[in-house]
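Residue numbering begins at 1 within each chain, and the chains themselves are lettered A, B and C in the order written.
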């Protein structure tokens, strides 16, 4: 009888104290999730996917540890090109450690780069099938990054990763999408300076790949040039030069070669590089002519650099 | 022989001195069981974690952070395991062992209130866990700092050789800084200690009415597991209540949320592993909530133990 | 002046047990078992009282009720006027359990210090007391050895020492000489006499009836939870119609004369029941032998 009384009293006390602490705990839990001090909740589906790992991983700090070991274990299926296994492993890893950018980066890289390229050269498939599978894996990579953005909306690296994939010329590029993603990234607060700079330059680079947006490319290059310092990259300088010669681009105050490049030597160096890579990009105006003109000045020529003399100049 | 009033002392309801005696005795008992040898295994484990180098595969530069995260996650996981096992087993074993060996008789036959005995035992276990966690925290910080210094040196050299502008180098190093030694490591260790406090007090409560050590261990373990998912149950019950939905699952979830402790809020080390800072206000709330659990379970333990017959 | 001490000064008895009943209930079968059934014992301060009875008769239950380890189902237990279930009562009690078991990881001096601390003793006073008790129980040579390495007899002596640590006014001993050799047993007996002279009340249980007979002023016999007999040893054990005379250096002639004298009074019913050479006890022989060997060595 006394034991039963004790049990009843204990249950009553636990019930009263439990009821009173619930709202406090709920508020604390929300604050902790907002500050990302605790991992996001696992849904029933996620738990069933993780199976015993979910059970183990619910105990603090084991989630990142298990994720780290699982990540190392993906080396084998990666080497064997077992992309389904790699994908499954990373799905679990991302459930376990969703605030770790490194795993999202790895997962999307495996899908959009490694798996996609592997499948593209898979001779057991027809060409149509290869292209289809190639696109599917690239899309998987993008989907992974999108999920990462959803869970980590404040981490600019995800936006950067997505934009780089969208703008990758070897991955069915979508330059307008890449530009928009980078612009979205630039609206985020507290971006590091180098990220802002890189994003702006990537926006210019992607805009350059859209011939119909030539005017926009020039405007961007001009703005970046005005910022000075690390912004005056070859991409910016070359765009200003090309725009001077573009038949449709409106250039209100054309800048001279020296104003753009600082010296003829510099101009020759950058223009030559641009000319070498010309097949990979849109048409570039005035470059060939300027290179020939600069090469007449033999003091600018570097005897070791014979690349131009050996390339096709009559296009 | 007459009994003088001076010799017949009134025993206070609670005495810090007496609690201290029992706590110190319990601490010594556990130390002489050589539990500190675990620290050797801990040092080896962290040394191993420090040797791991992640290859820079994707072309990004998150590998240095990964290496630091691995040391932190390994260290915190080991601290969690050790403190949980010790809190659970030491507390679950102590009282039944005293009863079985009848050493309890000789203690309770002195002017020792039962509450003092319970608190002394509990505090002795917690003192051991605290000392162990402080040592492990220092070891973790040592290895983390060593690795961090190595990484900073290597990365600075690498970035400089790559011709990276200074502001970019600084920004990248700032990312690595977030994973170095900071006060957040100590706060996470303290949170692990708070978790051990809650687990030990649960084990204490169960051991006051349990008839066997094995039962105490199993039941406490079950409560811990439920406690780790209690927040999910509470969230579900709360959501269903907001929508005005009441089904069997929501009722069960509510019962779980009311009767079982929430251990999830004490697992802030995950956030520290990710490099997030722990605001002191959050730490304060976590501490108060943990001490609330401690108070409730100790009071209930005393309530059960005060009339227990031997 | 507190209430309990007022009560103590007025209390005529060190231990007052009145109509003590203790019933145990089995969890599943709901059967009840009466371990102690209306036991009443009053022990005056300074008295040595022995409680004897077969195994399972209720001796331990009575002791536990006095020590507050169990609560009486009905009846009352008081120690120097204080309810035995209150913690205050235990400040004047020293208890030696049957087959005492202490923490193996401690040495005997640590053990005594631990119990002394629990009684509120500190510092030099406690250290002196520990030394004194170790000396008393012949454990000085083993004071720094952990109890895990002690023999049963040594543990028994540690138990006695911890029972005495706070200079209790009441000593409760459960089988105090169990597992102790005859020399140690004799020493404990002598100690009990000494404590009695100092006015300490002693309540003991033992199966060694000879020893109970030697030390106790009064004895109670408990059987199946009930007190069946109680009184002084003289009252309980004297054979009223017999008288013992022990002669030394009596020759055969004298013995014959005494036998003749008794025959002359046979009409009153007197007779010689036995006439023989008295025997020394085996215990005395053991002790004398041990002492002789000790003296030879020294």
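Convention: contacts are C-beta pairs under 8 Å (C-beta built on N, C-alpha and C of every residue); 3 or more make two chains touch, one makes a residue touch a chain.
Here the structure is a predicted model, which means the values were calculated and not measured.
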Heading the list of chain pairs by contact pairs is A-B
Can you name the chain whose C-alpha mean lies closest to the mean of all the C-alpha atoms?
B
Centroid of subunit B to centroid of subunit C, CA atoms only: how many Å?
49
Rounded to a whole Å, what is the gap between the Cα centroids of subunit A and subunit C?
87
What's the distance between the Cα centroids of subunit A and subunit B, rounded to whole Å?
39
At which residue positions does subunit B touch at least two other chains?
307
What residues in subunit C touch two or more of the other chains?
none
If we count contacts the way the header does, which residues on subunit B are in touch with subunit C in the complex?
1-11, 17-18, 21-22, 25, 28-29, 32-33, 101-103, 105-113, 307, 309-310
Which positions of subunit C touch subunit B when the two form their complex?
1-2, 4-6, 8-9, 45-46, 64, 67-71, 80, 82, 87-88, 90-93, 95, 97, 99-103, 105-106, 114-115, 117-120, 159, 162, 166, 169, 198-200
Once bound in the complex, which stretches of subunit A touch subunit B?
2-3, 6, 9-11, 13-15, 17-19, 21-22, 24-26, 28-29, 31-32, 35-39, 41-42, 55, 58-65, 68, 99-102, 105-106, 109, 192-195, 230
Subunit B residues within the subunit A interface of the complex
57-60, 62-63, 65-66, 69-70, 72-74, 76-77, 79-80, 84, 165, 167-168, 171-172, 174, 192, 195, 209, 225, 228-229, 231-232, 234-235, 238, 257-260, 262, 264-274, 276, 278-279, 282, 285-286, 289, 292, 296, 299-300, 303-304, 307
